[in-house]
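Have a look at this one before I ask anything.
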Amino acid sequence: MAQRIDVKDLNIYYGDFLAVQDVTMTIDPQSVTAFIGPSGCGKSTFLRTLNRMHEVIPGAAVEGTVEMEGVDLYGPDVDPVAVRRNVGMVFQRPNPFPTMSIRDNVLAGVKLNNRRISRSDAEELVEGSLRGANLWNEVKDRLDKPGSGLSGGQQQRLCIARAIAVKPQVLLMDEPCSALDPISTLAIEDLIGELKQDYTIVIVTHNMQQAARVSDRTAFFNIAGTGKPGRLIEMDETSTIFSSPAQKSTEDYVSGRFG
Amino acid sequence: SDPEPAGAEGTGSTDAADGSTLSGELNGGGASSQESAMEAWRAGFQSANPDVTVNYDPVGSGGGRTGFGDGTYAFAGSDAALEEEDLAAAEAQCGPGGIIEFPGYVSPIAVAFNLPGVDSLNLKPQVIADIFNGTITSWDDKAIAADNPDVDLPQTAITVVHRSDDSGTTENFQEYLSAVAPDEWPHEPEGVWPIKGQESAQGTSGVIGAAQSGEGAITYADASQVSGLGTVAVGVGDDFVPYSAEAAAEVVAQSPRVEGTSEGVYAIDLQRDIAGTYPIVLVSYSLACGTYADEATAELVKGFMTYLASEEGQQAAADAAGSAPLSADIRDAVMPSIEAIAAG
Amino acid sequence: MTTTTAAASADATELTRALLTAADPRRRRVDRTMRILIWGAFAVAMVPLVSLVWTVLSSGFGRISLDFLTLSMRNIFGGDPSGGIYHAIAGTLVITALATVISVPIGLLTAIYLVEYGRGALARAVTFFVDVMTGIPSIVAGLFAVALFTLILGPGVRIGLIGAVALSVLMIPVVVRSCEEMLKLVPNELREASYALGVPKWLTIVKVVLRTSVAGLTTGILLAVARVIGETAPLLVTVGVTDSINFDPFEGRMMTLPVFAYRQYSQGLATCPGGESATCVPDIAIQNGWGAALVLIVIVLVLNLAGRLVNRWFSPKLR
Amino acid sequence: MTTTASGPPVQAPARRRTRRRTTDRGFNRAFRWIAVGSGVLMLAVLAAVALFLLVQAWPALTASEDDLAASVPRYPADTSLLAYVGPLVFGTLLAAALALALATPVAMGIALFISHYAPPKLAQVLGYLVDLLAAVPSVIYGLWGIFVLGPAVLPVWEWLGQVLGWFPLFAGTVSPTSRVLATVSVVLAVMILPIITAVSREVFLQTPKLHEEAALALGATRWEVVRTAVLPFGRSGVISAAMLGLGRALGETMAVLMILSPGFLYSFKILTSAQHQTIAAYIAADFPEASGLAVNTLVATGLVLFVITLAVNMGARAIVARRKEFSGAN
Amino acid sequence: MAQRIDVKDLNIYYGDFLAVQDVTMTIDPQSVTAFIGPSGCGKSTFLRTLNRMHEVIPGAAVEGTVEMEGVDLYGPDVDPVAVRRNVGMVFQRPNPFPTMSIRDNVLAGVKLNNRRISRSDAEELVEGSLRGANLWNEVKDRLDKPGSGLSGGQQQRLCIARAIAVKPQVLLMDEPCSALDPISTLAIEDLIGELKQDYTIVIVTHNMQQAARVSDRTAFFNIAGTGKPGRLIEMDETSTIFSSPAQKSTEDYVSGRFG
């Protein structure tokens, strides 16, 4: 079941530093939302508030509300652990667990939570997730080898497999393809296309083409200067953003850089 | 064979007649000087009573007296007789039966030196004092040479090595010096060496080691430990007496008992100038109570002290630690008190 | 034309060769010097270490025999060369194990608190006072344990447990410090990866952080065990001495190897009325001391070896 | 069509800032409290030790000078407790400082040798050896210091006394038994060497490969890699390693007790006997025979040692804290 | 002075594992050479043999020759340190020295060679290099802050600034833009265009467009399967590779994936 996310008046802090200011947006279910914008504008920071990963950084804080189907994720009786189980995440840098085999990495979400799973279910889940991440063929003969022995691209795909193995409601991806070759990138993009049937997907990317290809809606963030907070400049249908954005800065940013 | 100790409390029984009837654990502690002798006593007693374990913590005389006073130790060893505070505490602890105290361990203190080729020297008390207080600094000093016409004395500087820890040996040695050479040794005798700036080392084995490692060194130590070093024949009157267990036993036997003590306490008023005796002796006391709270402990202490004071026990210590056996007079004086140990 | 190209390319080759072979002499010198110094540091350190091991080995090996390892010193005295250190081995193992059982949970949990939860005044206080605690002199720890148990059990009780408590006071801060270092080295990325999978913090700590650092933790704990297994002073005042076997840390005195070695050294030479013989060896106590020292070192070696194996099996490849 | 354009920066009306903080529940909270609990237990243990020291030291701290002189052996007449403890403090600090000065550079050298210089296979064995030596009991170091090191270094001390006698540390008569602070410092240095080495080595080994490769790619020699990437990363680890070593050197009892020929002076003559004594060895030497006020006085000196450790740690903490924002973590 | 590199029959090993087999190629001076290929095919591995960074991995080994202007980089009298100084490198993951300030990071390589660089020279070099990496404006006010406080993209640009500050002969870049936003990417690409006037540049990229935009010649690597060695499939003018490659697999790879 996909979930809608409503963000209202969100300010995000690192200690006293206001990193992202005053974001209000709606993320639609069963769609892919892309965040674009220059480096340092707070895309990653904002993304991490959507599954309460932001708060694991000491001194980090948020103001405002993030509602999922009307439930404030930061409400007093909401368990951040439950939030994260339902809002999965793939990071910019691949981070497989070095102590675990490839198989165990995929099963990490299940095993770390002490959930029991039958052998055959586990095998099925591992294969399904790895196939989804387009990694199955490369690793099927060495599922018991440590995940850290893979190349960067392989590691990232392993992390994606790990995230989708938990079957989250929402999937956040922070530049998931930045370390991937085109074939793997394409596979991931195809996968995103499939996953959006059931899930809400948010992807941060520095690649206009990728945003244009995979997303239904695009949000453009910008930053006025160093030390200033990042802001949401504009959010709209992807086609609108790339063809006739409302803001000049958006047009400057997306126009004519590539291809 | 090692029977496990049954614990702090034993189960003494006196009904059976043949062989050993005692069992349990008996703990004592105190003067480290008694350690070697104590091993012999414990071994002898434990062999006769296989179910008994006797422990002795060589924590030092002070520790022994304190422990005896607060009930830590059922018996104790001390290089000095009980006085004031400790006596009061021990009396309170021991209850109606009072304290039993006797010189269970008497050992000569040797004055030992490291001069290659020289095994023995004759030294008058005043000369010994002057050497240890730093007035005489070289081995070829006239004062030394005068009494040793046959010895070829080297020009080596004298290095005095004393005990660095608070020690009964030091106290006894100082008591000797201040008794026989009060002008040369004006210091108040105590466990800590009074002169600063001299070499020192921890424990008997420490001073022996230091003396062995430095040529020209001189020290004082329990006589059983000084092999490999030259030793001093001490001037008594006009004679020079080398250390020996017999000569040490003689000084204890001929010194009077301290007056005015309770019946079980046999303290010695050591005389340092009796001709033919070796006057530098460490008199270490054995301490026990006349009554104990429980029967088992009383039986164990009684048995152990009886053995310790017996001719057999004293001979074992003499063999193991080179000590001087208790004289028959003293044994006869203390045995009744030991045999009266009981619960109560 | 061809000759000039050839000449030019020959020039370029020479230039390149110059670039690639000519190392800056100063830097090369510094690098060499540092290499020599670093090898030298190792060599310098090896001198005392080898000498120490050699001394213990050569002085202690002659005493090692089956009897020495399986008998106690009960009823052995003077120059009697029979008897052994079984009682001291047993005491050392029991007391150290008990101290480890007390220290590791407290130390590890405290380290976890500091790394994973610790913020603010309490954490700063704990960090600070852990450092202070590493400086507690061992004899003071012993006196503290005696005072504590005097309150509980009354005066004069000498049991293994008191020694274990004294050792724990010395061991806990070492465990905390080394575990803290090791936990800090676990990359944050791994914690975040686990949180993002919806794993609660405590399970993340247990299954990711501890699991990733288990090799380092083992090394740290072994160092801590090593720190206390050779302690002498606190055991002397807390568990007393005995020459009989006792496995029960809650009842009766125990002997430990370092205390045994120290006592034997302190005893010095034995008196042998009949001179040296098969039944009376004057320096037997010193020999016993070295023998105990050797066995102590071997025990530590075995512990280390076990730790290494754990290390090998569980160590992750973080890079 | 929900387009949220922030437009020109509008001065937002002052909103009530409700910052959200983490909350735990269930076993998460229980685990947190267990961890916090052991942290607090640590403090409690330390407080108990401190309290014990203070209570036991109190009679000595409040006694008159005459009482102290009368009942404490070695207590000089007409001296305040501070003046009495002073030389002990001096000796303790001097011995530990010399040991640390000797051991730290060598230990860092060994740690680097094992982590970055020795062939990987050999390094494992060497690391093992060093770990093992961290476990040598102080009694054995004491025996070794007396029987092996002392005689061996005597010629060196004599030479130092002859050639560098003008230097305060090496002034005075060189003791023929070499039971002097210099020998003690060497033994202490050897004792703390494995500890500093083991911890530094672990930290050096954890230097991120990324940073080492960054330095290598800039054309750094091996030493320059160490200097630019390894040492800065390991700095706080090395400081804490050195502190572990310092803690042990300050509190070491048996080895000092067995080797040093003590004295109670403010003296830099580390080759002369009867100049120095450390607090820990002093307590151990005199405790067995002490009773009454003398025990309290010994505990008071223990309290002083406690305070010294505190001061040393505060200094080291300050160093670590100043470099915190540049630390390698995260 | 740019330098030509000739690689002959190069086999590259990790221990016993043959990672790259039998590569022979020529890299022209004053040009940009791009390496493309799927993840795990050994692009990074091969790149690292060009400045002898490969050999710092325990067990790593090479067979064959790599010649720079006729001098074998692996020759007996060649100093690997000198090789690395003259062949600079930028890595896939940004790796600024965390203990150094931004300024010191830029100067890190320079200071190794020239301890006593004058203040003004240093300032000039820092500004020049940071401008070259398009980072100057963002960090000029906080040159004394630690480099690790920057965002991922900023960190990577800092690493590029650090590498070019040493003024190497050859510059190797391993997916240098994979963590960068388009503006930074463009700046780096422009910079590459400038640098090739003087230097030999080799760039690994997973981005076809980037390869097409910046490079003069392109080498395509491929891998037959997991555990198999990577191989150089084809190398040619970039325009040829993207328009009419000789090999079928190259055409498959570059055709129609993007845009």
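Letters A, B, C, D and E name the chains as they come in the text, with residue numbers starting at 1 for each one.
The rule is short, and it goes like this: contacts are C-beta pairs under 8 Å (C-beta built on N, C-alpha and C of every residue); 3 or more make two chains touch, one makes a residue touch a chain.
Keep in mind that this is a model prediction, so the values were computed, not measured.
Note on connectivity: the fewest steps through touching chains from chain A to chain C is 1.
Shared contact partners of chain B and chain D, listed by label, are C. For chain E, the chain with the farthest CA centroid is B. Chains C-D form the pair joined by the most contacting C-beta pairs.
Measuring from the averaged C-alpha position of chain D to that of chain E gives a distance of 46 Å. Centre-to-centre separation of chain C and chain D, using mean CA positions: 16 Å.
Chain A and chain E, compared by their mean Cα positions, are separated by 29 Å. Centre-to-centre separation between chain A and chain D, using Cα means, comes to 47 Å.
Counting partners per residue, chain C has 27, 187, 200-201, 237, 265, 318 as the residues that reach two or more other chains. Taken residue by residue, chain A touches two or more other chains at 56, 81, 93, whereas all remaining positions touch fewer. Shown for chain B are the residues that touch two or more other chains, namely 32, 59. For chain D in complex with chain E, the residues that touch the partner chain are 120, 208, 210-221, 224, 228-229, 232-233, 235, 323, 325-328.
Residue ranges of chain C in contact with chain D, taken from their complex: 27-28, 30-31, 34-35, 37-42, 44-45, 48-49, 51-53, 55-56, 105-107, 109-110, 112-114, 116-118, 122-123, 125-126, 128-141, 143-144, 147-148, 169, 172-174, 176-178, 181-182, 184-185, 187-188, 200-202, 205, 216, 219, 222-223, 225-227, 229-233, 237, 257-258, 261-262, 265, 289-290, 293, 296-297, 300-301, 303-304, 308, 318-319. Of all the residues in chain B, the ones that touch chain D in their complex are 32, 59-63, 65-66, 85-86, 159, 161, 164-168, 190-192, 196-202, 206, 209-210, 213-217.
Listed in rising order, the residues of chain E touching chain C in the complex are 1, 3, 68-71, 73, 77-79, 81-83, 86, 112-113, 169.
On the chain D side of its complex with chain B, the touching residues are 73-74, 146, 150-151, 175-179, 257-258, 260-265, 273-274, 285-292.
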